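In the two complexes that follow, chain A is the common piece, with chain B as its partner first and chain C second.
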Partner chain A sequence: MTYLRRASPLHAARASVAAAYCAALVTAAFLSSHPLVLAVLALAVLGAGLACGVGSRVARSLWLSLPMGLAIVLVNALVTREGLTVLVRLGDGGPLGQLDVTLEALAFGAKEALLLVVVVAVAALASAVIDPDEVLRSLRRVSFRSALTATIATRMLPLLALDARRIGEAQRCRPQPPGRLAVMRAITANALDRSLDVAATLEVRGYGSARRPPRTRRAASRHDLAVAASAVALVALAAAWPAPFSYYPTIAGSFDASAFAHAAALALVALAPFTQRRGISR
Partner chain B sequence: MNALELHAVTYSYPAASEPALRDLTLEIAEGEFVVLAGGSAAGKSTLLGVASGLVPHFHGGRFDGRAEVCGMDLRSHGPAALAGEVGTLFQDPETQVVMGTVRAELAFPLENRGYEAVAVARGVEEVALALGIESLLERTTVDLSGGELQRVALGAALAGRPRLLVLDEPTSQLDPVAGDELLALLRRLNEEWGTTIMLAEHRLERCLAAADRVIALERGAVACDAAPSGFLEWAHRREPGLETPGAALIAGLGLGPPPAGVKQARATLRAAGLLPDVAAAPEPPGDHSRSPGGWRRHRAEGAPALQPTLRLRRVWHELAGGRAILADVSLSVRPGERVVLLGRNGAGKSTLLRHVGGLIEPTRGRVERSGRVALLLQNPGDYFVHDRVGDELDAEALREAGLEALADRHPRDCSGGERQRLALAIVTAGDPPAAVLCLDEPTRGMDRLAKRALADRLVERSGLGGAVVVATHDPEFAASFATRAVLLADGRIVADASPAELLSGGWYFATETARILGGHAGILTAVEAIARLGAGAGALESRA
Partner chain C sequence: MATLALAGCGLGAGSRPVRVSLLVTQGFGAQTVLARQAPKVVGADTVMRMLERNASVTTRYGGGFVESIQKLSGGGASDWFYYVNGVQAGKGAADTKLHSGDHVWWDRHDWAATQTIPAVVGSFPEPFLDGYGGKRLPLLIECTQTASPSCRAVEDEFTSLKLVASLSCLLCSQYNESLPVLVGPYATLTPAPAAVKLAGPVSSSGVYARFEDAGRKLVLLDQRGRVVRSAGAGAGLVAATRYAGQPPTWFVTGTDAAGVAAAVQAFNAQTLDGHFAVAVIDDAAIPLPDSGP
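Presenting the complex of A and B:
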């Protein structure tokens, strides 16, 4: 989950605008209850990832979120008492009471799973396209101590991941590899050493002087404007023109032309900033 | 004004039983290039910590005496306040880079000093141009190699042009090429910018030629403070472990003064009529045959034709994107052989050892082992999982490793050499004994005595019939134990020969003695050179 520098409109936009775009995608997903709209939003996020050159990262996150989505569908079907269309009667479930699996509970679980898939995909997109240095720099102007914590954390995460892999390899080299608990202890002890090293580096680079970084004046680029407009339009469209779909007590909603038009409009708005590729660089 | 002034400084780390610095009084003038010498735990890093303000402000502990850094009293100025005047570079490049891109990394110290945006932008460009890293500015730091990371970290330390630059073994993780480049840069900064340099280094032969002064520390106190030749004279008499191979050679031949570098040593030998004529030099010893593939396969002189204990057959290691880390590597190692793997950072040495150790599988080809492989990776500390040395090994293994006196100590509190010994004992413990012992960069941060002890252990182990394969950047260490040298480049074996042949003719992958003698007769060490040239000196004297 690290920033990937690519030549794309979203990378070219300033970090705050890119973050707003990602937040707008998530907001639009939360405002929508129609499964078609959510599915199209997931595809739009994947499209945005592909347009940014980080498609494989977003696709992997989609793939990884599927088991969790399936778990949500199953758990919701088993624990929800709502819904009138009973598909399976599983009998007495002990402390869970009577277990009836309803069509509505399955459908609602699927909608929640789709929502999760969109959120995870947007998180993957955000981590790959939002420059953490720019975010931390902005944060340093607002809150020095929070920025310090965030700086150490962002630097420590990839370092600790590398260390954990290295220590795991070293333990495999022992004639009798130790248990997982012992390895975890070793990794934790190493993490403390590492955090001290990073903190010492921050000290000698003058971070402790707590001066606010200079304000850099930068005119809004065409990509800033396009991405910001897309973010605003996404939220406005999702809020002002909802595609109605309710799940309980019975499913009420349709996959009619209006729903398709709504989903298509959201996808177009989400992907519109990527049609303009002039003036971008790595 | 001096760059550093210490008056009767005594310092102890928290909970330490002994002080790390003892009654230290010294002055370092502006513009001096000072090398700090000494064995492990002599106090070099602590002294550098004082210069950067980390001691005592970051580490805590008890500090007595008075210290001034660039005119600022250490009692009232911490590392952040000193950062404007002092640039610091540590050993490990990975923990010294805190931002995501090179540009942000170089801008970071300038922003912390409250520079305006224009000054930050100018400072970043200037330092990038000065260090030749302008092409890296837009790169993300996670994509940089070890050498590139170290240069970027040096750039961050130099941003804003500090008056004092302190460096703690900055070349220990770099290959000889990157290490020499870094030292050349320091020399240029010292000569052209007038930056005061304080450099702690174990491989003194690499940096003495650039130094104005050497301060040798012993148990936290100054044992010698002199110009390089004076220091080498002192080392010859008092501390042979700190003597460079070139100085040992000249002293061993009864010549003087001790040379600080290759140029001076050659001049001394030339003046004495002992510098060999390289053009007329005999071929280095060794038995070689050229394979159809073009590179040389080597069989150690007199080695019996034993079945290989390790055989790599056309091994490839390719990444998902298609890049090959190892490309068509074939290598056979017989019992009793001691093979050194050489090559620049990223050449594929560590990956090759991981394949040998079975940590990763080849994407093509295969690895055949006739017994257990013991693999010691770069960080010995990664092998420790207990709070006591005595819990890491059984009593007998501990005694065999000579570590029984440390049984109650925490492994992380041991010295570099002790940690190395403990980790080596851990991977080689148990039955059956390992048929192949592989070590990846085992000498990082080790002083010369610890390296010598490790070389002796490797020779002893191969004498018992085990094969040894070691990846290292240290040609002096390689020459001290290896019977065979393999050079890797871009994942391929480009040379496979005797150490005398591989380590004598070149410049980067060569010992200091070999560089002084221009590769004459494959002589690699001062001891060999004294034996060979000493006979020549005797003949000269007889003629006279």
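Presenting the complex of A and C:
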């Protein structure tokens, strides 16, 4: 999961605004309990990913989160004792007690799984569209050393992944490939050598005595404003106009026009910043 | 498949128990919150599910613990407890299956004096009619004097309920799997291990009264376990408790023969209904815990 530089409104917006947009999507998901709204939010995140040119990354995360979602549905159905519509009676489950699988527990588990799907998709979107260096640059004034440490750490992780890939390819080229342990040993030794180099470089360049950098002013772009407005509207819409849906003791909620309108409004607000592509080069 | 079905497994809601009733009270039965003689039951419900179908309930810990019923929530030293056929269940309501004839009683009360009240008398004629935990047990009346009028009166009460009772002397039966009703002055019942509890603290017996002075004095306690009043000759008590996981033992007893006779007068569904235990002083039935003269 690394940053992918693309020409899109979300990439063009400053990192803090893009992060706020992603946080707003997650907040809207947590504020919504209606499955339709959550499903539409998941689709909206996928749409945002496609509009940013990172659709495949977001789609892959959706697939990856599905097994976890299924596990949530299964565990919730077996562990929760709530719900009045019993579908399957599994008898006495010892320490787990009376195992009755109810429709409500399944539905609530599915809702939680949908929530997880949205959160994972937003995380994938955030990792692909938010430049980590810019985030860390913005944090330099708050805590210089923490920002520096985080920068180095985030730089090291992709580097380690590259190392692993490179060594793995070399390993496959050999007539008798070494085992995983040997590869791990080589990567670890390499990383330790590199960390010493980095420490020496930082020392030589005087990072230890560095001071907090001065504030740099940057005018808000039209994309900053559009994405920020979308983030605020997402949270406001989700908080002020909730689509009611409860799961226990019985499922209460409907897929009526109001729910569809709420879901559509959230999707429109989430995707609105991507209609403005002026000033973005391909 | 048959084994699975017998183990309570299967598709759908399962078979519905009949003759189930639900009572929700607070303050040790002092105030009725909800009473349903024929509550809504769907399939093989648990006690919790039946409650949720018939009352407004909020739960905690994944539905395993009742937080509030009809917007009356627990808190501080007060919480919801439940009894099925007058017996406190050893497991959570979400794990307790309903059986035909079950009288489910939820009560919100102060547990400062004791958190465990193993058995109550307010569901009479349960558990004698339908047992508890889906198992019906034989009824055994143990009297210190089997020919005494009190002993016969208790037997007659069961006969009027079309219940067949075995009559025997105290501790004469070797059969442990029965529902015993001990009848006689308290001083004569003390060879029974369960009776010893009635002279101990409320945390041991679950009865808000205790016998003192070798059974010659009956002390009534309030819901905090404090002494409210005491009575000597002629005081009676109808109560139930459990000893070491055995079936509940009922007592129709008193400080003396007159006290036992007074307790026998209170030994009927009308007097016991909705009370944890009942003391009789000067011919007046006093629900326990005692709220004061």
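The rule is simple: the second predicted complex is superposed on the first by the 233 of 282 C-alpha atoms of A that agree within 3 Å, B and C clash if a C-alpha of one lies under 4 Å from a C-alpha of the other, contacts with A are read in each partner's own complex, and residues count from 1 in each chain.
To be clear about the criterion, a residue touches a chain if its C-beta (ideal position, glycine included) is under 8 Å from a C-beta of that chain, and two chains touch if they have at least 3 such contacts.
Quick caveat: nothing in here was measured; it's all calculated off a predicted structure.
Engineer: Between chain B (first) and chain C (second), which, if any, makes contact with A:P242: first, second, both or neither?
Structural biologist: neither
Engineer: After the superposition on A, what does A:G55 contact: first (chain B), second (chain C), both or neither?
Structural biologist: A:G55: touches no partner chain.
Engineer: Which holds for A:D197: it touches chain B only (first), chain C only (second), both, or neither?
Structural biologist: Touch partner of A:D197: chain B, not chain C.
Engineer: Looking at A:T216, would you say it contacts chain B, chain C, both, or neither? Reply first, second, both or neither.
Structural biologist: A:T216 contacts chain B only, not chain C.
Engineer: If you tally the residues of chain A touched by each partner, is the higher count for chain B or for chain C?
Structural biologist: B
Engineer: Please work out whether A:G47 is in contact with chain B alone, chain C alone, both, or neither, and reply first, second, both or neither.
Structural biologist: The answer is neither, since A:G47 touches no partner chain.
Engineer: Which of the two partners, first being chain B and second being chain C, lies in contact with A:G253: first, second, both, or neither?
Structural biologist: Neither partner.
Engineer: Counting only touches as set out at the top, which of chain B and chain C does A:A186 meet: first, second, both, neither?
Structural biologist: first
Engineer: Applying the touch criterion given at the start, work out whether A:T80 contacts chain B, chain C, both or neither, answering first, second, both or neither.
Structural biologist: second
Engineer: Check chain A for residues that touch chain B in one structure and chain C in the other, and list them.
Structural biologist: After superposing on chain A, no chain A residue contacts both chain B and chain C.
Engineer: Over in the complex, which chain C residues touch chain A? Could you list them?
Structural biologist: For this pair, the touching residues of chain C are 4, 7-14, 42-46, 48-49, 52-53, 57, 59, 62-64, 91-92, 94-97.
Engineer: Which bits of chain A are touching chain B when the two form their complex?
Structural biologist: 2-5, 131-133, 136-137, 140, 151, 154-155, 158-159, 162, 166-167, 169-176, 178, 182-183, 185-186, 189-190, 193-194, 197-217, 282
Engineer: Mind pulling up the chain A residues that touch chain C in the complex?
Structural biologist: Listed in rising order, the residues are 79-92, 97-98, 100, 248-249.
Engineer: Okay, in this complex, where on chain B does chain A touch?
Structural biologist: Interface residues on the chain B side: 52-54, 57-58, 78-81, 83-84, 86-88, 90, 92, 94-101, 104, 108-109, 111-117, 120, 138-140, 142, 156-157, 354, 357, 359, 372, 374-377, 379, 381-386, 412, 426-427, 429-430.
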